[in-house]
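One chain, chain A, appears in both complexes that follow, with chain B as partner in the first and chain C in the second.
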Partner chain A sequence: MTIHTSIKKNAYYDSVTLMLLSRQLQELAGVEDVLVGMGTELNLDLARDLGLATGEFDTLTPNDLFIAAKIDEAQISMKAVEDAFNEYLNKSAESDSDEDYQPPSLSSAIQALPGANMVLVSVPGQYAAAEVEDALDAGLHVMLFSDNVPVEDELRLKQKAVEKGLLMMGPDCGTAIINGVPLCFANAVRRGKIGVVGASGTGTQEVTVQIHKLGEGLSQVIGTGGRDLKAQIGGLMMIQGFESLIADPETELIVLISKPPDPSVAEKIYQIAKSSPKPVVIDFIGGDRAAIEAAGAIPCISLEDAAQKAVKVLRGQEYEDFTGFSLPEEQIEQIVEKEAAKLKDDQTELRALFTGGTLADEAMKLLGDHYDIYSNIPLSPEMAIENLPEGRGHICLDLGEDEFTRGRPHPMIDPQTRTEFFESHVDEKTAVILVDVVLGFGSYKDPAGAVADSVREIRQRLSNQDRDVVVIASVCGTELDRQDLNKSITTLEAAGIIVLPSNAQAVRLTDKVMQRIKKGAGDVR
Partner chain B sequence: MSVNDLFKQELKVVNLGLKSFYSDLKSQGVATVQVNWKPKAGGKKNMLNLLSKINKVKQS
Partner chain C sequence: MSNKEMNAITAADDLLEFLENHPSFVARVHSVFPHAVNLLVLEEALITLTNQDDITPMGLRVDCGTSFAEFLKAGDEIVLDIDRFAAINGFFTVNLRNAEVWETRSILILDALPAETVSQTRFSLMRWLAKQPVQGLLPLLPRLTRQLMSSKPANDNLYSRHIADDLEAFMQAINSSDWKPALHLADRLIGFGMGSTPACDDFLAAYMVVLRITNELNPGRFPWIREFNDIIASKANKRTTLISANMLRHAAEGRVSLDQQQLLQACFFKSDKDLILLAEKVLRHGASSGGDFLLGLVCALKWYQIAITEISKEGDKTWVEYKRLQPVPTL
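Showing the complex of A and B:
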């Protein structure tokens, strides 16, 4: 094996394009390891950690592209790796827009697009704040997808946005739908009368999808970024969004979604809710129910519950907490019995492998005190995944967190990370695998197909030990999404996966199966 | 332009960064422009700091 580096000076490509190309090159026979990236400190460190660095790295700048590969020259030459790179690059999304005029700067782009009113920023975090500042100074609204933006910059930029009456959604804002246009990771949903402000990306996607499934639609969906409701930022963008929706004649009801905010921020939100002339539904996932009710708002027990209550209140119908299933209880019990009967007595563990962080968080909160669940986003510090005793116990992972995405795309964009976790984390002790399948713009072309392939492989592996496993999924998507909700469900069900209509219901079914096997598989006839 | 004014307008998006976001917008018929973005000053920190200082002087 030898290590080679190929460098293209002054050739800039975006990180997702290059990470996907790295993955494709990795598949070539004779390539043991490969990393393609721009010469940023982060990428150079990663290459060094992987043992792929050569002396030529010292000359690289963030504007230079490098391909670093460990190859078996008996099988493949570095020239062949470079040729494959160029071929894949030409086929990638990068080339889609090559025929279009691409102005070299924000200011020239604003001239090229008269009436531009929104700037979408997803450049590397260390360069993002300067671009956002220029956009706000030019009087444009901003959606900042980039992460790794310092909190001081976030505060300064949001203060400027509020001063100018502009949106500054983010940083790390994954989803928004403005004037019916889905931005970044958003689902295709109909327009309507419900406005949403969300600090949780996939949480917001789940609520909008459920509202669509219930027959209503969305006026505006405003993202804030996950740090907005912390004390340092003070909820600047949630308040800006909330007040804009109160003033918006197209919006008749408002839904707010976040993890529990800092108490000082929550208080500000409650004060606005108290004086809101429009009904307000709040899902501060696991938040203070009494405080929400005291503010005259409607509290929720899940993302799906938030959508259900929003739709019922909009239609003037009575509502209560939705704790059940869309299917009749009898049918659910039949599924539980049938699935639990597949398992041996020593199959007791849960493997929840999520691509959506809020969905993983909701799953752990809904499973509550019934189980000790170890996670990389644990509900309490002692349940951190590092504390998992000898690899045994219940596990729930957010595979989109930084520790799993270093040098590779988010698992909603590329299913490879989860595919690997299916291989490494599911074994003969696993009883239930719980997954999310997130459709929509930005997401992988066939996430259901990737999960189905993994499940078939797992079942094949377990069948050698005369074992099976229960797999439960929910699909966050609509029939209007390009991946198509119904096609995705069919794909999953064909692989023997039980598909529920929401994350909350998938978690509840998981709980029922786990409770059933706790009683002892011997009871199952 | 206030947020509520934005709600009344056709959305027109300048995209800096991931081209897939631009492609998604274009495929929906949204008015959009992709910036041929690369780090200013070759991404070198000392040069970026200098540029930022020059801009601040210009603005004041």
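Showing the complex of A and C:
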């Protein structure tokens, strides 16, 4: 073994580069030990301690780079070590100059990527308006992921977008698919002829997933942000998106999704629907069915129903409200009997733990006629979770709401919040646990696995009291999602969870099990 | 090559002061990185242009969409004016007219949080830092903070292993207010580590800025701090890289980069920003520089906790032992 030193006078490299280079040089055959560093006194001391010093150290200054190496010259020469160093350095410089470049501002991003026509803004809410304004001034469409943007700013920015013929999706817009490119939380779905404008994230995801499962695809999926259909904003982006899809030659049918809009906003949308040359399916979750029909649009009773009707209309088929199950009714009844039989008489309560807000909302609306459900997004103020009598009753939570995500990621990204709620909110009185499992871009790598683990732990805990619990889930995802729909279903079923193909069907099965329990134990309302 | 024109987004106030006092100064390009370039002025001071979010003292954040290495090389000469930088070879210009001014010492005029709050902040920072990838000096976090916060074994490295004893001795000396030994031990730290800002310099920079802030908040209480910082900055001129010596000189005066400044504000003063988000931004500096600075910060905050607790005890007349301040060491 011989020791050599290579010196680069007045050479400066960041420690990222030097650390990577050191590791790579260390792996070369014939290199026993290597130290790369700036020629400071202490670094040279370290090299001396390691037995890597040579006489050339005397000429080094703190601003020189040195490579000190102990090598087996039968296998490698110092020249080869230097060549390898320079080669790695050049590769690093190439990667630095393009892929790793992080533009510090919107204008430099535009400069670095000429031809881009859309900006995704995700900065703290108080700074978002200025960024969006710059983007709109530069003629770019905007998806605004940030929340906490003042409503006055939202109105001003959307008015500007409309004037310029641009989209301003958001604030708090989490789902869009533009020209086949999924943005933020979206599922991998095929392209096709159905365009969607949605004011709710997971609601839009559920509809696009169901359309994909039925064999059709999406042309564009435009988000608006949750406040768009309130009177203050006037549905500016719903209308902008709606008119864009009417004009889009690739879109043959349009689906609109939102919670019930302000009546003044709804009226504007109905007017456009009346004159739309393309069929329009509207799911204003719990909205005014008669008004929708009067506008010549097709009303829906659930997100799944919206997808079913959209696909049938596109194919020129007859349609009616989809209120049932994909499985035959007898099979459903068998499941209900089998699952209800697992429960003791005093197991009567529902625990619906959702990561998707619209899915939770849909669940409560579909169950609302039969049960008093307490929630953090209640259907009426008296059903707020704070009013839960002595901690007992049916509960449906949207775990993605601000009160649960402060200081931690959204439960679609990190399942920990729901895991904790499984531990704290499921007990010996719980009869049915209802959950959503949302796959897709932006979502956790294995949400089904996290739910399955929680359910196993719950069952283990309840088994000590000779009890079990019914767990019902739906998976919002496709076989193209990286988490894989089929793999997720298998994971859930392996944990004894009943998996239904849509949120609406999962809720209906929950209702049937709960009704079956009521028969056995009296009204629990 | 065509002229590369760009605009300055943010300019450090000390840079603007320099430019006002040195019209049409000719600087030389000292070192070029993909995201930053250093210009040498007055033999040993550096002006740093960056196209990233962070900005340093004597720095300029510019709107540059490509790597600086594409149009600048070491040795190029740049004429500096208050409203414009222009390369003599005509390859690039920076327009400074619309740059926002960044005040490098703005936090030093704020009211400090109670010591207990600072202590809680330190603990939060420490717990978070324990979960971060262990690079640079970070394997030494459990040892230096006397915490066993992770069940995972520390993935140490040659540099951290070599310097562990000296770092611990330095920290203990400062915590015991033994300034002379601390300065002596600093000799074992300045310039140690890889890269253009060696790891121990980042660690020391955090100490120096915490000392400086404490001094400003408690005038007259810690008369040795100014000299202590000045001596380390002076030693750094000979013992570490020019880039790092500049960083330590700024830290001695209470100046750090914008990201570090915002984190310090969240530690010592009222801030509406999230502590961990700010720490994450600092952690992203370099390969290990951010982590080394953060390690220095949690260690220095421990000293702050001890020092301020002594002052408050003294104020309440409940202290039982008076720790005599050490004489100011001389150069």
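The rule we apply is simple: the second predicted complex is superposed on the first by the 421 of 525 C-alpha atoms of A that agree within 3 Å, B and C clash if a C-alpha of one lies under 4 Å from a C-alpha of the other, contacts with A are read in each partner's own complex, and residues count from 1 in each chain.
In this text, contacts are C-beta pairs under 8 Å (C-beta built on N, C-alpha and C of every residue); 3 or more make two chains touch, one makes a residue touch a chain.
Nothing here was measured: the structure is a model prediction, and the numbers come from that model.
Of the two partner chains, chain B is the only one that A:His141 touches; chain C does not reach it.
Shared-chain residue A:Val123: touches chain B; no touch with chain C.
For chain A, the partner touching the most residues, choosing from chain B and chain C, is B.
Contact with chain C, but none with chain B, is seen for A:Val36 once the two complexes are overlaid on the shared chain. When the two structures are aligned on the shared chain, A:Gly316 is found in touch with neither chain B nor chain C. In the superposition on chain A, A:Pro277 makes contact with neither chain B nor chain C. Contacts of A:Tyr12 after superposition: both chain B and chain C are touched.
Contacts of A:Gly55 after superposition: neither chain B nor chain C is touched. By the document's definition of touching, of the two partners only chain B reaches A:Cys184; chain C does not. By the touch criterion defined above, A:Pro381 lies against neither chain B nor chain C after alignment on the C-alpha atoms of chain A. On chain A, the surface patch touched by chain B in one complex and by chain C in the other comprises residues 10, 12, 14-17, 40, 62-63, 93, 96-97, 100-105, 108-109, 112. By the touch criterion given at the top, residues 7, 9, 30-31, 33-35, 38, 50-53, 61, 63-67, 69-70, 74, 135-136, 158-159, 162, 188-200, 238-243, 286-289 of chain C touch chain A in their complex.
Contact residues on chain A toward chain C in their complex (touch as defined above): 10, 12-19, 22, 35-38, 40-43, 46, 49-50, 62-63, 93, 96-97, 100-105, 107-109, 111-112.
If you check the complex, the residues on chain B that touch chain A are 1-4, 6-7, 9-26, 28, 30-40, 42-44, 48, 52. Residues 10, 12, 14-17, 40, 61-63, 93-94, 96-97, 100-106, 108-110, 112-113, 115-124, 127, 130-131, 135, 139-141, 145-146, 165-167, 178-179, 181-184, 220, 240-241, 244, 247-248, 250, 441-442 of chain A are the ones touching chain B in the complex.
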